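First the structure, in the form of structure tokens, and then the observations on it.
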Amino acid sequence: MLPDHNLIPHLIHQCTLIEINKVAENWYRLKLQAPAAAAYAEPGQFVHLRAGSASDPLLRRPFSIHNADSRANEIWLLIRVAGKVTSALAGLSPGGIINILGPLGTGFPVPDDEGSALLVAGGIGLAPLYFLTLRRQAAALPTELLLGGLTGNALPDDSFFFRDGVHPLIATNDGSRGYRGTAADLLEMRLQSGIRPTRIFACGPVSMLARVVELGRNCGLPVYVSLESFLACAVGACLGCAFPFKTDDHIEYRRVCRDGPVFSGEEACFELV
Amino acid sequence: MLPDHNLIPHLIHQCTLIEINKVAENWYRLKLQAPAAAAYAEPGQFVHLRAGSASDPLLRRPFSIHNADSRANEIWLLIRVAGKVTSALAGLSPGGIINILGPLGTGFPVPDDEGSALLVAGGIGLAPLYFLTLRRQAAALPTELLLGGLTGNALPDDSFFFRDGVHPLIATNDGSRGYRGTAADLLEMRLQSGIRPTRIFACGPVSMLARVVELGRNCGLPVYVSLESFLACAVGACLGCAFPFKTDDHIEYRRVCRDGPVFSGEEACFELV
Amino acid sequence: MNLFDASLTVNLAGISLANPLIAASGCYGYGFDYRRWIDPGDWGAIVVKGTTLRPRTGNPPPRLVETPSGMLNAIGLQNPGIDFFLKSIRPQLPELQCPVLVNIAGETLEEYRQLAAILNSVTEVSGIEVNISCPNVKRGGVSFGGDPALVEELIGLVREVYRLPLIVKLSPDAGNIVSVAEAAWRAGADALSLINTIKGMVIDVQKRRPVLGNITGGLSGPAIRPVAVRAVWEVSAAVSIPVIGMGGIMQADDALEFILAGACAVAIGTANFINPAVAREISQGLRQYLCDHGFSHYRELIGAARP
Amino acid sequence: MNLFDASLTVNLAGISLANPLIAASGCYGYGFDYRRWIDPGDWGAIVVKGTTLRPRTGNPPPRLVETPSGMLNAIGLQNPGIDFFLKSIRPQLPELQCPVLVNIAGETLEEYRQLAAILNSVTEVSGIEVNISCPNVKRGGVSFGGDPALVEELIGLVREVYRLPLIVKLSPDAGNIVSVAEAAWRAGADALSLINTIKGMVIDVQKRRPVLGNITGGLSGPAIRPVAVRAVWEVSAAVSIPVIGMGGIMQADDALEFILAGACAVAIGTANFINPAVAREISQGLRQYLCDHGFSHYRELIGAARP
């Protein structure tokens, strides 16, 4: 982790795009040359990114760190095309320049024991959980990745995962790949089958997260969720990314960018967003 | 010339950039696939251009038609990097898409006689005068092109011209190429040597145009100038591109985009801009 | 549903429009300049350039400067005056094949009254838009538009002499745009246009002087859209006459923002400069939206974002 | 001339700043969040987040939305309140190594007075910025800022209890920004900050409802720069206290526009979100400009665009 108040100017990088591949319908994987980010990145952290210099689009955009290789000085991003900046990114060629801030935010809790984990990814929520999977597997911690998508080609194919030694359990809404259902359905199935991990980690749409938290609560298992919000500063200064949490019956706003994006799911008020 | 009120939807083109070359310090020549513009273009007319779709930069930018080949469906532009859009254009690669409106504006008067002409270009003012030179040479009308630049490499080299059979008389401010002086100095020299063309055509900075008009006036020669202004609509609707002219002692504003860009220089009030 | 079942017709304060898209004043000349790119009949209506009693030379150049996602203009109401309009432009208006409105501006209350009285008998003109919000003239313009009592008096005078649809055009520079809107409504306006441009300026840091000949100009384009949508939202809740929304509309989604905020029709200015076929594209986009979301008339969308 | 001969120091209403760049309120937290990227000492001063008497939870999300060349925010003055500030933040302020000002906001005149009275004895705080222009709160905020008489009363009350530099922050939403500025000046303000954000809104056309939880928000960023420069131009001609200019400053040329228009110092908000090192880059750019144009102090540039 980075010391908070140390002046580390290379945390603004002009990165070179090394490689870009389409890995699923509307999904692209980008490999960036980014030494400082690669050195410090922890699963669940993100970079705040800008391509170009025009004032429209004005703000940076946050993307989870999808993998980091500190020896090669590289980080990976996994991006789903959603609008202006993501389409511009999808159109970049190797050699293109991307400006990033980061790594930012509070990631997933570092495993303090030898516990096992279920990771529940809805769609592009895979991005940060993949990094967590790799880090946990490297530390030989028992880890099971559950992944849901709308349909088969909305998710990367098997080679994407197998190359890294990852073997996710997959479900699709239309049943065209893996089980028929959602990532939360997979979780329910695993819990019903008696699996009791030490922790659950989840990233995906709000409705999915709400259900995952409830399933965890029913089994008395702690759930960590990676939340989204529209960010401006991404460093905790503007209070724009507030997410509501309930403490002692009153609402309190926490900053997705700094207090999170990873939070204990227990108190998050999903019904208010 | 285009009939004014005919609905010709292909006058908005998505053009493909065919070729782009650096032809001098900060100058680029672009060849575009643009059938309608190529078919109708007259020397002195321009296209109003946009690359990209973001709202910054918002407005189109005008560029003179530098050459048009109606058989190949191509037009050429000659662009000097001055700011946002011109630098973006300079960075394009063949295959890039540029959206153009045009041809627009009132160009140089079509020669109605077999008269001779002196064409006076200051720097990038070469762009429209080059097209005029080629058209006049093709019609075997006596034409002499005078070209001024700051220094040698601020102008295209000889092969640029010779390939098209153009042989300009060149002057540079520092004397590093051709005569030492400006394009207006060249004109003065030619007039002093007794040359009396039927018309003078000029394009370049305002201070140069003012001097060319005065030199013409002293010899009783009509001078046509291609003027610049910041344009918005480029079709005559917004009155934003007004240039002041003096008629019977009062100031009247004419539209650079529609009444011009080519005007008789006699009444233009260069001192007011 | 078929795309053409989705109806865009609207009756705006008594004027029937084929669609809710209006060419904004000052951005469309007298309606003829864009005919190479778009049939004027593709518009619901066209509002012609601000017209004054006497011809106006306009402001010295430069009159335009680009700003981030916007532009400033300081045309200064250059126009040939009402007499020229009647003699030379009026006879051609039927060619436009859509309703034409005249935007009028005066330096005194009396000038507004006279202009309205003259246009009252001009059958080629379907209505007037009273411009009390031009930021680019020394007298008149926005100086009238800031004071509700003065607005009420002015529009009352105009209403007395003008029987056809009367639209009042407002600017957020007034500060209290809702009070001004209410004053215009009380005085008998049939509809309100908002917003006019917002006063701004750019300084040339190399020359160390303002870029525009007039020093300040009016800001238009996407930059002002959020301010304009908010003005429509607030005003349409306060008055019960139709509101025409404008300010930075570039595409169908932008027009929808205004309609959902409460506008009955929308006007398009700056976008014409970037895309001369914008009106046709936006009508198509609106039809598509209606189809996709199962509405049969865009009227169902007016103000629909209000809880 | 050497780059470092070009001096950027300024005495702003009694506060010595190493350079004329101020971190704008609400965009820089309490000054500590950006320390990974820039030394707080690179700023001339830092204005902390709007502070109220009691803690405020702030507005429901979403609180942000991007707009063309701008953004809307509706934070709703979320802050831990003045007591927390005094207890937990005040002791750390000296670490920032530059003057710190506190932006204060109240729901009543009395709340403003109390806040000012409390801060009057806080030596770590060099001055206060009285926010009478926040568009994002139901009570107080811009509702105070539109009425010159009320502003004169409010600032008069604050002035009575506050002896250190007192800055008043204005918004163009008031309409008559010059009258409001004059009122603040008469009441004893030492300097004026302008502009605060402009009220705007965005509608989500898919969901058919306003994007922001608070419905409306405040527009900041380059989109508003022309409006802000014009406000500085007009106000700095009308008052003889220093004006701090802000609104969409992204680079040195933008800061120069404000200075040439009459600002003695400039504040930077939104640009920090895009480039956390913006203050350092702008100081360098200002020095470069002074060198290139043969000025020895940027003071020579203040108001230099005025004929």
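As written, the chain order gives the labels A, B, C and D, with residue 1 at the start of each chain.
Basically, a residue touches a chain if its C-beta (ideal position, glycine included) is under 8 Å from a C-beta of that chain, and two chains touch if they have at least 3 such contacts.
If you're wondering where the values come from, they're calculated on a predicted model, not measured in any experiment.
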- Item | Separation of chain C from chain B in steps, with touching chains one step apart | 1
- Item | Contact-richer chain pair (by C-beta pairs counted) among A-C and A-D | A-D
- Message: On a CA-centroid basis, which chain has its centre farthest from chain B's?
- Response: A
- Message: Using Cα averages as centroids, what's the distance between chain A and chain C in whole Å?
- Response: 47
- Interchain centroid distance [CA atoms averaged], chain A/chain B, Å: 54
- Item | chain C-chain D separation of Cα centroids, rounded to whole Å | 34
- Task: Give, as an integer number of Å, the spacing between the C-alpha centres of chain D and chain A.
- Result: 35
- For chain A, residues contacting two or more additional chains: 55-57
- Note on the structure: Residues of chain C that touch at least two other chains are 68-70, 221-223
- Task: Quick one: label the inter-chain contact graph as line, ring, star, complete or other.
- Result: complete
- Within their complex, chain B touches chain C through residues 2, 4-9, 11-12, 50, 55-60, 101, 229-244, 250-253, 258, 272-273
- chain C - residues contacting chain B, complex: 26-29, 32-39, 49, 57-58, 60-66, 68-71, 73, 75, 78, 221-223, 250, 270, 272-277
- Query: For chain C, which residues count as touching chain A in their complex?
  - Reply: 68-69, 222
- Query: Can you list the chain B residues touching chain D in their complex?
  - Reply: 55-56
- Contact set on chain B toward chain A in their complex: 54-57, 84
